[in-house]
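Two complexes, one shared chain (subunit A), two partners (subunit B, subunit C).
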Partner chain A sequence: MANKPAPKPAPPKSTASDEKRTFEPKYNWMNKTRQWGVRVRPGKAGLKLGDLNVGIYGETPTQWADQSRNPRGAVPRRGMPPVGYSIRDKAGLWADCAADLYEEAIQRRWAPATDVPWDTIEPLPDDVEHAVCQVCTELVGYANVDIETITGWQHQMSYGYHEVKQFLATASFDAARHYECFRKRALANGGGLGLEGPGMVNRMILESRGGWTEAVVYLLVMRGAFTMTLYKYLGRHAHNDAERFIYAHALADKARHVTYALDHLKYAVAHADDALQVVRTLIAIGEGGLTRDLRDPVLPEALAVIFAGGVAKAAGRGMAVYGELMGDFVQTYLGYCQWLGVPRDPARLPPPLNEYANPNNAERRVSPQPKPSPNSFANAAGAANPKNAGA
Partner chain B sequence: MSEAANGAEQELDLGWMARTGPWETRAAPGKYGLTIADISIGDYGEAPEVSDNLTGRPRGAAARPASYRIGAYSVRSKSEIWLDNASFLYEEALQRQWSSATDVPWHTIEPLPDDVEQAECQLATFLTEVEFVAGDVPARWVSLTTPDFYEPRQVLLAQVMDESRHMDVFRKRALANGGGLMQATGATSGFVGSIDLSRDFTEMSSRLHVSGEGAVLTLFRMGELMAQNEAEKVIYRLCAQDEARHVAFGVMHLRYMSETAPERREEIHCYLDEAEGGLIGAANPVGQLTPTSESMAIILGGGKDHFDDGMNKIIAIRRRQLQEYRKRVISAGFGERFENGRSRVAQMIDEAA
Partner chain C sequence: MAAFPSVDWFDEVRNVFNADDRYRGAGGGYCNCVAGFKIVDRVFVLTFDGFECSAAAEGDDGSLDDVDFYLEMPGEEWRDMVANIAANGGADLHHTLNTLDLDRADGLATSRHGDQVREDLFFRYNQTLQFFFDASALVETEFA
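Right, the complex of A and B next:
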């Protein structure tokens, strides 16, 4: 006991009891509200984001000057350094359907790891597997551009239009799912990733720096309509339930993105000076970029191999179905343009878009085709040799 | 007229069939389905230390020499963003998605005394305000990160989705029970050293994931104490589950960074110095005494008349926040700061005793 060291003096410190003693609540935040007594009730589909838009909480002004994260309808705190939102005009992002699309996206969530019946995938002929993997590689690339574009703009959108920010969170998450899903498909059946895409449309989308609306035209209308059409045709020609599931669900996701895009553009052209002309100009320029990608043979050929069930009939039957796909895409695209108030003259579309726009070509596109050249198949057979892999 | 359009036969090139990434890859689903860990096989599982991919090419795909350099990625070093369990966190995020519209039993909310409802609404306003910092900021970094590091990007994209749901669930709570939104705090404005303004990913992550969301996670885990009804309990429980993933991202990334880029350790300590100051700052509802902490005291105490009881609980939560923060930093590999006198956390814990 005698050797017990002397206790150290306790350092002076403030304690919880000091804090309680010295603190008197001010309650000066109480009763600071712009609208009280709000009682939103859940409806048949639960308590949805759009249900909250009552009274002042539903007022979305045409401009949102506040550069803080002040929630719409809350009492702002003055004098705070701005966060730096650059998109503060409603016309620059708004779509009335955003809140509903947000809730729909959440309800329709899926997990590629466990919802896709991967065990239904069986080995395919090597040429077909090559084609599937090539298409998946391009679709991973498309999803990548979705991700990078949406996330590049999302943080620039002001809090006053939170519904759009929230919907875009679902859209970028959808794209993440597409990214992994098509990568998984490419690596699940004895194949691998193929050749990266040509990238002109990617470039056009990513270089849309003038505003979110501009990016929407390229990403969600032009590329979006094309991607939806691809999913539709790939679903029809799926080889197993796993692929059918993937394309059907990716199509449903993409349809939401395109719905937002059309609603937003409709709003923009109705509410922003010059927006109609700008969209018209963007579309005309964009068609040029799109046709450059379409002239690249890789995607059309891979699709043709899938549609024909192999290289042997790809040049004939496969390319005929590809022609149908393109015709379908062009008609969809022209319909969107018409609806937005920027009708396109099919005859004045750049080639080859104008050719697919002509319904008179339809019969010829599906007419029986001669056998493909043996040389073509020789190229494909060479690709199947593992020695050529990684080229 | 193109041949596909006019139906004429054309000879296919098919040269692309010889231009692939590694072939004969056959990833098989495991117990948890086909996860992204399962497809990280062979060369496809190898993320480069430094990425030269400026075209957005999927990792492992064959490159086109003529591709446009459209990536403009600023995050191209693996140590800047990588973590070893990204695949797990991403797949878990997908499995644990929830809907604030239908998974919260909103019908269990009953009218509360006015002081408690005001406090609930003040806290909900604060959380609506701050939750999407963690959506805005990770989104920006995703757009700056090469797809060669797609695994951490996927986790960040899941986080943006989670935060979007958090923003909406607290707005819903504020407007569901006869109240409304109250005054914003400005806690997430553009201050130097804020999460928004970080120009380095790890700096941002140490502030956002480790200290900021770590503090919020402790708070949400106290949901049983804070909740007035089953709806609020569910909200806090589900939000805590999401936040735990985000915090895990930050801790695991710091650990990876610590092991692979030791030259940055001192710099990281500087961020942690700043973060620790923030743990008792105005952005923390159980930090210094602010409108939000006053509202928390009312909620935890059960009304203005029990404010002191609420304050006791606040201080207990703050102590727990600090203890959990210390554990996380130790787990991340920066525990020496608690031994060498650099960190004030021990003193802060004592002060909250």
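Right, the complex of A and C next:
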């Protein structure tokens, strides 16, 4: 220890007037530090979380033995009962980018109540409004699962890796913001919430018990890549500046979550025995759950109506764009797998993912024409209005 | 009047972008990346550092090896985008970077290193990049 704390001040001598006092300060705590004299300086972008990782304060061992809430670098207090964190291996949560992502999330925050130009929303044909509200309903469900999953694991993570815990706090707040803004959009234009999503992926994510890394694969890589692709296409087909703002900003938030996921999985694969094989297995399991959700017709139908500007062209043009969306999602997903070192053979993806994986299979990609389902609104009133069609 | 594309043009846009605090709030702001722009046979590299675009330089094809991601589309489409921004005070729905990315079979943003985390910076900072190009509405532009 290069720097010692200043000598503690001597307690004042007691006087007659102090005799009634029962408390005599000793200042013993002033000697309790593991490293003193630290002077971290702000840089061009301010004093960032990652800037604090100097000396012992930047030590992040591969396993965090302390079972208390002792902040990293502080002197542990003897006799503290263990809290019982289950995630104490660095490989179980770490990502080198977590501190930077935390700063980015804080500095790029936005407020749906006041930043979204809600007054740009104008009445849409009934079928389009139904479709927008249905998609928002599903996105609200996604956001809710984000919140529950992240917070459900966060309290099990050791304090020694506070960068990750802090970043995940922003991620759960991002998800709360998404929950808020999609609910607001559904209720802002004469519509309302629609039908709850099928929830197979939600259940798979929420019920995963194998560890945070498993949840990351399901929630942030598979669902994350899918949600990012949805946001891109919904932004492309936004009906007004409010929707455009929402999807563009939700996309940036979600991209941040996916970045953490990829960086964490890269770290886990590099530092934990068998992690590569585990991730490979999780991906195969996850694809099965994902495809069960994708076979539900409600979301594809609603998206097709939005992409086509109404039900009139949803089966043709709308589903063709939906096919493009799925193709983009699968390509993104396969790219992530490749980058993580777990390349997937597109031909061996479970259907319908394999159909979207082959760009030469375009005919087949658009083949699942929406058929009126029990929950379908294909007969909803309101003709397509080209004015409201996406570009 | 600055000619598009040129370093002078990007510098003028930088000056507008860096001076406008509105680009720092509501989901914009903090941005760290090096982005390439391939415009016909010319290459430009922009450095975003914290709250500002700190540098614009002209490079060569090899410069694209080092950037986090780069945007490439035919010269006509670059002109259309810049002209649309000038006419509307910002990109309309058909000319946003997101739309242009989705409208192209191979996308608008790509990289040569294949690093997904670096490539995804395009999406993490998409709004900032959009703000940057929207700032060009205030730059008197002639097309080279």
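Going forward, the second predicted complex is superposed on the first by the 343 of 391 C-alpha atoms of A that agree within 3 Å, B and C clash if a C-alpha of one lies under 4 Å from a C-alpha of the other, contacts with A are read in each partner's own complex, and residues count from 1 in each chain.
The rule is simple: a contact is a pair of C-beta atoms (placed from the backbone, for glycine too) under 8 Å apart; a residue touches a chain by one contact, two chains touch by 3 or more.
Source: prediction; values computed, not measured.
Asks: If subunit A is used to align the two complexes, do subunit B and subunit C fit next to each other or clash?
Replies: fit
Asks: Return first, second, both or neither, reflecting whether A:M228 touches subunit B, subunit C, both chains, or no partner chain.
Replies: A:M228: touches subunit C, not subunit B.
Asks: I'd like to know which partner A:Y336 touches here: subunit B for first, subunit C for second, both or neither.
Replies: second
Asks: Report for A:R236: first if it touches subunit B alone, second if subunit C alone, otherwise both or neither.
Replies: Touch partner of A:R236: subunit C, not subunit B.
Asks: Given the touch rule stated above, what does A:A255 touch, subunit B (first), subunit C (second), both, or neither?
Replies: Touch status of A:A255: second partner only.
Asks: Taking the superposition on A as described, I'd like to know which of subunit B and subunit C A:R244 touches: first, second, both or neither.
Replies: A:R244 sits against subunit C, while subunit B stays out of touch.
Asks: So in the superposed three-chain picture, is A:E104 touching just subunit B, just subunit C, both, or none of them (first/second/both/neither)?
Replies: Only subunit C is touched by A:E104; subunit B is not.
Asks: Would you check which partner chain A:A45 touches, where first means subunit B only, second means subunit C only, and both and neither mean what they say?
Replies: both
Asks: Which partner, once the models are overlaid, touches more of subunit A's residues, subunit C or subunit B?
Replies: B
Asks: Would you check which partner chain A:W29 touches, where first means subunit B only, second means subunit C only, and both and neither mean what they say?
Replies: first
Asks: Give, as a whole number of angstrom, the minimum Cα separation of subunit B and subunit C in the superposed three-chain arrangement.
Replies: 11 Å.
Asks: Would you mind listing the overlap between the subunit B footprint and the subunit C footprint on subunit A?
Replies: In subunit A, residues 45, 103, 107, 109, 111, 115, 390-391 are touched by subunit B and also by subunit C.
Asks: Spell out the residues on subunit A that touch subunit C in their complex, using ranges where they run on.
Replies: 44-45, 97, 100, 103-104, 107-111, 115, 228, 232-233, 235-236, 238, 244, 248-249, 251-252, 255-256, 258-259, 262-263, 324, 328, 335-336, 339, 390-391
Asks: Within their complex, state which residues of subunit C touch subunit A.
Replies: Residue positions touching the partner: 25-30, 32, 49-51, 93-94, 96, 98-99, 101-102, 114-117, 120, 123-127, 130.
Asks: Of all residues in subunit B, which touch subunit A in the complex?
Replies: 1-7, 9-29, 32-36, 39, 41, 44, 55-58, 60-64, 67-68, 70, 90-91, 94-95, 97, 99-102, 104, 106-107, 115, 118, 121-122, 125, 128-130, 132-133, 135-137, 139-140, 142-143, 147, 150, 153-154, 157-158, 160-161, 163-165, 167-168, 171-172, 175-186, 188-191, 196, 289, 291, 294-295, 297, 304, 307-308, 311-312, 315, 347, 350-353
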